[in-house]
Each structure stands twice: as structure tokens, then as C-alpha cells.
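In what comes next, chain A is part of two complexes: it sits with chain B in the first one and with chain C in the second one.
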Partner chain A sequence: MRVILERSNLLKSLNHVHRVVERRNTIPILSNVLLNASGAILEMKATDLDLEVTEATPANVERAGATTVPAHLLYDIVRKLPEGAEVMLRTDEDGNAMSVISGRSSFRLQCLPQSDFPELSAGSFSHIFRIDSAALKALIDKTQFAISTEETRYYLNGIYFHAIETGGKLKLRSVATDGHRLARAEMEAPAGSEGMPGIIIPRKTVSELQKLVDVPDVAVATELSDTKIRFTIGSVVLTSKLIDGTFPDYQRVIPTGNDKALVIDRQTFAAAVDRVSTISSERGRAVKLSISDGQVTLAVNNPDSGSATEELAADYSSDPIEIGFNARYLLDVAAQLSGGDARFMLADAGSPTLIQDTADENALYVLMPMRV
Partner chain B sequence: MFAVMAAPVNDPEHGFCRDCLTLQANEKPRCDRCGSPRLARHPELYRLRLAHIDCDAFYAAIEKRDNPALKDKPLIIGGGKRGVVSTACYIARIKGVRSAMPMFKALEACPEAIVLPPDMEKYARVGREVRGMMQALTPLVEPLSIDEAFLDLSGTERLHGRPPAMVLADFARKVESEIGITVSAGLSYCKFLAKVASDFRKPRGFSVIGEAEATEFLAEQPVTLIWGVGKAFAATLERDGIRMISQLQKLDRAELMRRYGSMGDRLYHLSRGQDERVVSADRDAKSVSAETTFDIDLASPADLVPVLRALSEKVSARLKKAGIAGRTVVLKLKTQDFRIRTRNRQLGDPTRLADRIFQTGLHLLEKEADGTKYRLLGIGVSDLTGVEKADPPDLVDVTARKRALAEGAIDSLREKFGKTAVETGYTFGRGRSANPPELLDRDED
Partner chain C sequence: MANSGKPRQIPLDLGHRPGHSRDELVVSDANRQAVALIDAWPDWPATVVVLAGPAGSGKSHLAAIWAANANAVFIEPSEIEAWVEDAPLTHPVVIDDADVQLDENGLFHLINAARAAGTHVLLTSRLFPSAWGVRLPDLASRLKAAATVEILEPDDLLLAAVITKLFADRQVEVEPHVVQFLVRRIERSLSTAIDVVDRLDRAALEQKTRITRSLAAHAVNALDLGQAELDLDGGGD
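Our next item is the complex of A and B:
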């Protein structure tokens, strides 16, 4: 293989691809990126056996061929080359090493044979549709923070995507929960998604996808079966296994009978929560909300360091209530709301609270209160 | 300082009798009053205040106390034919039986030994009695295990009307007469040497290591005497030609730290008898666990799961009693060929529920129950926290609340009607531990 290409193109593609490669691997080939030069393109591929990202970039291919080299090493080298440089990748005759040459810099990397590189066989897909990149990004952004990291409940370690008919319209919904909070977002279901199976996309795939779809106005081709999903964003192809599990019946968790409505300025509220929670030494201490006519008092009490309170004006006219929430969870939700006001629908201090986005009826959040 | 003391103190070179506490008037080898040869004499006898107390062959001593017929017989406390020796009495020790020795080896060395399964509840009860007596001497009692502790007796001279050395001898005497077991005491100026001293003349020992003699005394000891120097580290030192503490005393601090990192710093200080660690009464446990060695090796989930359940309940009961919870569940297995496998899993929230601990342990066990034969199973929790945030209500797992309520109901029934009043199907009919006998261990490091 002998190929010459612009550093910027190589860097951009490697940037997308190398993140898939885990820093520590017990299987040596998984530390490597597959390079495949043919025609006028260089294709790069990396995998962790659950997730595979492939990207093609234009290149001047002088001699077609393929090899694999350590992904993070290659990425770090290319990253440190000067801007505007040209890079030549050239394998030795025996294929045991690859040279990276740019200007006066020259590197030799050890190769592993491309034939050892594992292929994530995709099988056939049952559903194919296109989603606007911004809409897909919104579905991810609004729910990703609630993904559970608890290994025991592996079926919560991702975002649940499914198509559902509601109010006479077909919607594509994303849902994530860790048992303490739940986030749900939806969009109009794209044509072709009808009848798709409910799928759970694993956290790592979600976060890679989130970065890849951070481009406006791209139609993301989505292909899925009940075990795999593939997204094609421009020249990048991401293929991932899905979590083999059943997502719990989340509808049951969303309260419908909460009748105490609190409407409060989102930014003022978030800033105040952030301020009073300074006093709590550890993450996840409760903020107590004492809500009465037209007013909310936030209070944090930390027996080790002291206490804090702040009063806020709010729109509230039901019976007074005291309820505690994890400060971080409140901030996470507040960060996702887009409207000027946040609407809390409360029942009592021990029951789940519903939080709505006053500017975006497609998103809603549920928080479990904490004992205070 | 001792001028203000209530009791008169004699010349430390004359010392006092450990049996009748009479102050001695001369340097004769036996007590002036009762004729006992057990005299405490040391130039620093009335200046030292840091003590380490260790019960002698604790489990065996309790069994011999409760059954005098065992008194002159070699006695081993341990698990069945396949378990390990927990404690061997001194008669069995003469024959070469040691703690942690596999039982078959112990019985090879001493075939006539009587083997009893451990009665941990009884030992814990006696351990608490001994500790209670220690706490009557000073609030600064730092337990190291069920049967040993450090005591800082500084500032108690006025309270007791006698110096720490006599308080300690009196304590040993009282434990013998009131509880019926013997202890060994070490008295020094630091923790390291107090512990070394208590180990010096077991059983019924009373040893003193003074500040003036420390360096000289240590010089003649092997490096393994130093706390933290185990087999592996001793081998490292051996490779560098270091076997005796005297060799460490000749190396400077920078050199030791360069060679052995932070351990080098410890070697430097301890080899010179410098130990600044204070006795702290509230050293917290870092994990709570329970484990059991099987009578026969087990491989099938059908055999392992009931044991896991019983141990989970045991861990949970201790968490609840101590008012703590843990965030990480740790499964421990020992294979037929003595390899230890530990697997752990972090939970979303701390727990103290037997159900959570068991279910999490079950997940971990499923992967290990691959036909491998195991001789030991243990389960525990670490990452200990208070209970405020333990087991919060969950949005998704709607049955969790019900299971927690059921567990609470089981707990209160057990409290009222005994531990076997209610059992789960996992352990029913198998005895409460599902596989007695067992070794319980509250790991504090």
C-alpha cells in the first residue's frame, strides 16, 4: 500500500474512527485501525466488536493495499503534524511495518495483517429510513443524560428507540432512565420506520453517534434489525450491536394524575439550585423545595459544613408542599429544557414528579424525589 | 509526673508481681509475698503507656472453658474435614498445627486432635465482653479483630491509681478470673512494638519493650517482623541481600525510598522503632463480608446458590445492625486448586438489603459457575456509606419496594421468633448457613 493524502482529511476521519478503539485491549488487533486504499479513496475502520465505525476519505492511491496499525498511535502522530501538510502512508514489502512520512518527519509503525481484522457482520436489515441529523441529535441530547451506568440492569445502559402511535400520529421516541430519573423525547416518525422493533442503543454507540450527527441538514440513513443498527452520515458509517434485553414499560412510570402545577423561570431556577448545592460536599445531596403560594424556597443542609437557602418567585397556587430532589438531577433536566419556563407537575413528597418543557411538548422528564 | 500518682511506685528494676500485684522490694526471682515467678521488671516499666492485648488461642480457649473435659486434649477449631484450621490450642500447636492450615494436614500432624466447628456467635459474645473490659480502662481502644486490640493508656494513671503496666497486669488477671480465658499483653511506647511485645511470650505473656532498647532489640530481628513485610516483599528484600532489620538500620531514608517507594519510608522508620500511628477508637470497617469453606467442593449452581443466599442474609443483617450500607458487591470464590477469584459490581445506589446483595451476587456467580469446582464462597459489600441514600425508591423496578418491605417483615419476625422463624426457599431445610460450618470475617483493611 502506498497512498498520499492531506493531513486534514486523514485527521478528520481518524478522529471519528479512533474513538471506538478502547485504550486497553486484551485482543491486540482491536487496538488497530484498518486502512484500505483502493480507487481514489482511503477507507479507515475501527471496532470494539460491538461497535464499528468506517470512514472513507479522498486520497491519491499510488499502490492499492490494506493493513492495520495502532489506532491511537496513528491518530496522535497525524494530530501533531503541521497544518496543511501532506502525509504518505507506505507499507514495507513484507507488510510487517508501515511508514508515515510527512515533510521531514518519518515514523514506522508495526502492522498486523488486515486478514485478522474482525468484521462486524451486519446481517440483513428489516427497516430502512432517513432522519434529519438535527432531529436525531435532539432525540439523543434530551435523553442521553438519564442512561444508567448500573451493569446489573444492562437493559437500561442505553437509549430505547421505538415507534409509537399517539394522538393519531406516528412518533419516533427515545427514552432513557436509570431508575431515579427518566427522559423522553419524540419526533414525527420518518417514513419507513413504521412497525420497527423497539431497540436499545448502547451508551457508547449513543455518544459516538451524538458527535457524528453534530452537523446540520444531513439526512442520516438508518438501517436496523432487532439485533443491529447502522447509521450512514455522509462518508461515515457506524454499525452497532443493540442491547439484547427488554426495556421496562416506561409509560407506567410517567405520572398522569399529578395536579399541583409549578411554573418557574428555568434559568433563574437552575442558577439558584447550582448556588445552594455548593454547600453539599458530596454529589447527589438533596435540595429541599418548599413550595407555597407564588414562592419556592430552596434549601440544602449539610451537617458537615453548613446550610443554604434561596427564595424564588414562582407561579403556584395549590396546597403548600415540601419535596426533595437530587441537585444534580435537577440541573441535568434544566440543561435540556429549551423554553423560558419549566413546568413541574407534583403529587406529593414521595411520588414521581413530571417536568415539562414549556417550549417543546416533545420532551418530558420524570424525577423520583429524595427523602429530606 | 508520677509524683502525683495515688499509689506509691517502687523502683522499676524491682517491679511488681503479675499474680498478686505486690510491689517488690528487691531483685529476687520470686514474689516476696506469693512466691510467684511472674514478675514484671523493666527500666521503663512505669513510663510506657501503649499496650497491645491479644487473647491466647481465643476460640479454643473458649471451648475449653465451656467443656473442661477438653482441657488437656489437643483441640482444633475449624471447618469440617475439608475446611481450614481457625484456631489450634497450645497442645495442638506443640504438634505443629497452625492457623489457616488445611484440616487434613492438621490431622496428619496431630491425629488425636479433637475438631470442633466454630461457634462464631459465642466467640463474638465473649469478644465483646473482653472489649467491654478494655473500654473500662481507656476510651482509646482500637480493635484489630475479635480478640485483639491496641489500648492507649496515657493519662489514666490518676483514674486507676496505678501506672499502665499494673493496670494491664490487673486486666489480664481479671480476664482470667472473670471470663475464664487468658490473654497476652505487650507494653511499649508505640503500636508497632506493643504488638511485637504481646506476641513475644504467649500464652499468658507480659512483655515490655522500652524506648532505650528498641533499636538494639530490632537489630537482631528478621525483616518479616515489620508490619507490611509479607512473603513477597521479604523476597524482594532477600534479593537485595537484606534479611535482618539491622541491615535496614544502616540504610538512609532517601536510599530506602528510592529502592522501595513509600514502603521504603515505612522500613526506615519502623526499623528504627519510630512509629507515630495513634490509637484510634473509631477506625471504620471498609467492607462487610461473610464466607464459607465447603465440606466438599461444589460446582453446580444448585449447590452454590443457597450458600450465596445464606451468606447474603448474614451480610445484610450485619449492615442493618451497624446502620450502614455498601455500594459495591464483591463475590469471592476459591477454586479446588486454591486460586482466588473475586468479582465485583458497583450498584447504582448503596444497599443493605439481602435481596439486592444476593441478586447482584447471583449475576456474578452465574458467569463463574462454569463447571469449576469451588471450595469456598464469600459475598460482601464495600464502599460503605450511611443509610440515608441506601435503597431509594426506584422508578423502573416496581417490585423492589415490595421486596424491601417483605424483607423488613422477615427481619422483624426473625427478631421476635428466632433466626429460623422465616426462611426463603433457597435455604429452607438446609440449615441457616446452608452449609455449616463457616468462617465469618469482618475485613477491616
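Our next item is the complex of A and C:
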């Protein structure tokens, strides 16, 4: 293989694919990126056996061929080359090493044969549709923070995507929960997503996808079956296994009868929560909200260090209520909201609270209180 | 509710779906006979089969498997009369907890109808039919002719397998040594197993931890304390 291409093209593609490669691998080939030069393109591919990202970039292919080299190493080399440089990638006759040559810099990397590189066979897909990149990004952005990181609860380690008919319209919904809070976002279902199976996209795939769809006005081709999903974003193709589990019946925890409405300026509220929680311990960051006519009092009590309170004006006219929450969860939700005001729909101190975005009716959040 | 005074996160009640398929059935010496009989359908030794066993021993699970296999209908003891009068019996019939609110006449006619139609009746109960206190001699003789299999109190193997299944229903992974710990520590009954698994699942969700042996020890202690409180109240059924 002998190929010459612009550093910026190479860097951009490597940036997309190298993140898939885990820093530590027991299987050596999984540390490598597959390089495949043919025609006028260089294709790069990386995998962790659950997730695979491929990207093709234009290149001057002088001799077609393929090999694999350590992904993070190649990325770091290319990153440190000067801007605007041209890079030549050239394998030895015996294929045991590849040279990376740019200007006066020259590197030799050990190769592993491309025939050893694992293929994530996608099988056939049952549903194919296109989603606008910004809409897909919103579905991810609004829910990602609630994904569980507790590995033994594998069925919560991702975002649940499904199509659902609601109010006479078909919606595509994303839902994530860690058992303490839940986030739900929706958009009008794209044509072709009708009848798609409910799928759980793993956390790592979600976070790679989130970066890849951070480009405006791209129609993301989405293909899925009940075990795999594939996104094509321009020249990048991401293929991933799905989580083999059943997402809980989340509708049952979204309250519909909460009648105590609290409307409060979002940023003022978040800043106050952040301030009073300074005093709380690392564990159990509970903040107590005492809500009465037109006013919320935030209180934190830490037996080891002291206490804090802050009073805020708010729009509230129901019966007074005292309710505790994890301060971090309140801040997380507040950070997701886009409207100037946050609307809390409360029932009592032991029941789920609904939080709505006053500027975005497509998103909602459920927060379980803490017993304080 | 034990409350140490520290703030505690309340978990969302996400629920779970109990698995009632044949694949999810745990077989051990305690229920082997019953499973064999369910699997043997339609080659049954009698028109009526009775599954007798303690609460939580899997009678309803077995009945659900059989009903799916045999395309049988579940009927309530109180509805027997209507079923018998309505039409000739077209489907096999299951009555869960058949001895509760026993309609002796209705059951007698139902069994006759099943015999006439060449189909079967599956009854489940915590007791043997001889202990149901049947007064109608004709029904008593029909039940005497029934094939009755007993599901025993769980042995260690079954209890361990059931606890593993209960965790699997909730999609949580638990190490075998934690299951073994529970088997040794809890009261040997399946209803206790369900209770302790529920508590553990909730506690792990609350604390966002895996289900460890020390968490299991806490749950078992809490369960013991809870039972003590019940005893003091003098309640119980």
C-alpha cells in the first residue's frame, strides 16, 4: 500500500474512528485501525467488537493495499504533524511495517495483517429511514445524562428508541433512566420508522453518535434490526450491536395526575441549588425544597459541616409541600431545559415529580425524591 | 420503615415482567413429577390432573405453560356454572386455586363435560383434594380418580434456581455465591425468596450498586426484623 493524502483529511477521519478503540485490549488487533486504499479513497475502520466505525476520505492511491496499525499511535502522530502537511502512508514489501512520512518526519509502525481484522457482520436490516442530524442529536442530548452506569443493570446502560403513536401522531421517542430519574424526548417519526422494534442503543455508541451528528442539515441514514443498528452520516458509517435486554415499561413511572405546579426561573434556581449544595457531603447530596405560596426555600443540612438555606421567589399557589431531591439530579435536569422557566409538577414527598421544559414540549423529565 | 436519619434516594418503580415460559421453568426433584406430567399432555392418565403445592412453588407457572400448550382457558371457580351451561366444552380448562370458593356441583358438571368432550381439566391447589372438604360424593369420587401430583417445598437446588430466575426476571446479574448465601440464610419458602429478591433489587437500584453479598446480608436482616414485627402484632393468616 502506498497512499498520499492531506493531513487534515486523515486527521478528521482518524478522529472519528480512533475513539472506538479501547485504550486497553487483550486482543492485539482490536488496538489497530484498518487502512484500506483503493481507487481514489483511503478507508479507515475501527472496532471494539460491539461497535464499528468506518470512514472513507479522498486520497492519492499510488499502490492499492490494506493493513492495520495501532490506532491511537497513528492518530497521535498525525495530530502532531504540522497543519497543511501532506502525509504518505507506505507499507514495507513484507507488510510487517508501515511508514508514515510527512516533510522531514518519518515514523515506522508495526502492522498486523488486515485478514485478522474482525468484521462486525450486520446481517439484514428490517427498517430503514432518514433522520435529520439536528433532530437525532436532540433526542440524544436530552436523554443521555440519565443513562445508568451500573453495569449489572445492562438493560439501562443505553437509550431506548421506539416508535409510538400518541395523540394521533406517530413519534420517535428516546428514553433513558438510571432508576432515580428518567428523561424522555420525542420527535415526529420519520417515514419508514413505523413498526420498528424498540431498541436499546448502548452508552458508548450513543456518545460516538452524538459527536458524529454534531453537523447541521445532514440526513442521517438509519438502518436497524432487533440486534444491530447502522447510521450513515456523510462519509462515516457507524454500526453497533444493540443491548439484548427489555427496557422497563417506563410509562408507568411518568406521573399524569400531579397537580401542584411550581414554575421557577431556571437559571436562578440552578444557581441557588448549586450554592446551597456546596455544604453537602459527597454522598447523599440532598437538598430540601420547602414550597409555599409564591416562594421556595432550599435547605441543605450536613451534620459534619453545617447547613445552608436560600429563598427564591416562584410561581406556586397549591398547598405547601416539603420535598427532597439529590442536588446533582436537579442541576442535571436544569441543564437540559431550554426555556427561561422550569415547570415542576409535584404530588407529594414520596412520589415521582414531573419536570417540563417550558420552551420544548418534546422533552420531559421524571425525578424521584429523596427521603430527607 | 427503618430510617437511619440519612437522606435516602427513592428509586423509580420500574417494575418487571415475570417470565412464564417453559424455558424459564426451573426443574428439580421438588417439581420433577409435576413438570413431567405437564409435558406429557395430551397423554394424561386421567381427565383431571391436580397440582398440589405450597405458595410460590410454581403452580401458576406450570398451569400457564400447559394452558399455552393445550390452548386451554383459565376460569375462575365462581364462573364454573356459566361455563358448563353455556356450551359443550371446546377447550381444556384450568382452574387456579381450585379449592378456594369451591363450587362442588359446578366442578362435578365441568369434569363430566370434559370427560364427554374427551378433553382435560387442570386444577391447582395448596392442598390435596382429600383435604378440600368435598361433601358431594360424586365429586369426591371424581377427584379420587384424578391424577394428583405434589410439588414439594423447595430443595436447595430449586431455591437457588428460583432465586436466579427471579433476578433474571428483573434483568439483574447476580453472582452465584450471593444466591448460595441467600439459599442458606432465608426461610426455606418460595414466597420468602420472592420477597428478598424484591428488596434486594430495590436496594441495589436505590444505591446504584451491584447486588453483593453484604447487600444481601442487609436485606436478609431487614426481612428478619420485618417478620419479627409482624409476629409482635400477632397478625398472620
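The definition used in the following text is that the second predicted complex is superposed on the first by the 369 of 372 C-alpha atoms of A that agree within 3 Å, B and C clash if a C-alpha of one lies under 4 Å from a C-alpha of the other, contacts with A are read in each partner's own complex, and residues count from 1 in each chain.
The working rule: contacts are C-beta pairs under 8 Å (C-beta built on N, C-alpha and C of every residue); 3 or more make two chains touch, one makes a residue touch a chain.
Every value quoted in this text rests on a predicted model; they were computed, and no experiment measured them.
S.K.: Quick check on the chain A-based superposition: chain B and chain C, clash or fit?
M.R.: clash
S.K.: Return first, second, both or neither, reflecting whether A:Gly324 touches chain B, chain C, both chains, or no partner chain.
M.R.: So A:Gly324 only meets chain C here.
S.K.: Just chain B (first), just chain C (second), both, or neither: which does A:Gly245 touch?
M.R.: Once the two structures are laid over each other on A, A:Gly245 reaches chain C alone.
S.K.: Does chain B (first) or chain C (second) touch A:Ala163, or do both, or does neither?
M.R.: neither
S.K.: Is chain A touched at more residues by chain B or by chain C?
M.R.: C
S.K.: Based on the superposed arrangement, let me know which partner A:Leu30 touches: chain B (first), chain C (second), both, or neither?
M.R.: A:Leu30 sits against neither chain B nor chain C.
S.K.: So, does A:Val296 touch the first partner chain B, the second partner chain C, both, or neither?
M.R.: neither
S.K.: Please state which segment of chain C collides with chain B in the superposed model; the candidates are 4-12, 22-30, 94-102 or 112-120.
M.R.: 4-12
S.K.: On chain A, what residues does chain B touch that chain C touches as well?
M.R.: Comparing the two interfaces on chain A, one with chain B and one with chain C, the shared residues are 148-153, 177-182, 248, 250, 252-253, 284, 350, 352, 366, 368, 370-371.
S.K.: Per the contact definition, I'd like the list of chain C residues that touch chain A in the complex.
M.R.: So the residues of chain C touching chain A come out as 3, 6-17, 171-174, 204-206, 208-211.
S.K.: Would you tell me which residues of chain A are touching chain B in their complex?
M.R.: Within the complex, chain A contacts chain B at residues 148-153, 156, 177-182, 248, 250, 252-253, 284, 350, 352, 366, 368, 370-371.
S.K.: Give every residue of chain A touching chain C within the complex, in rising order.
M.R.: Going by the criterion above, the answer is residues 148-155, 177-182, 245-246, 248-250, 252-253, 284, 286, 324, 326, 350, 352, 366, 368-372.
S.K.: Which of the residues in chain B end up touching chain A in this complex?
M.R.: The contact residues of chain B facing chain A are 345-348, 359-360, 363, 388-389, 392-398.
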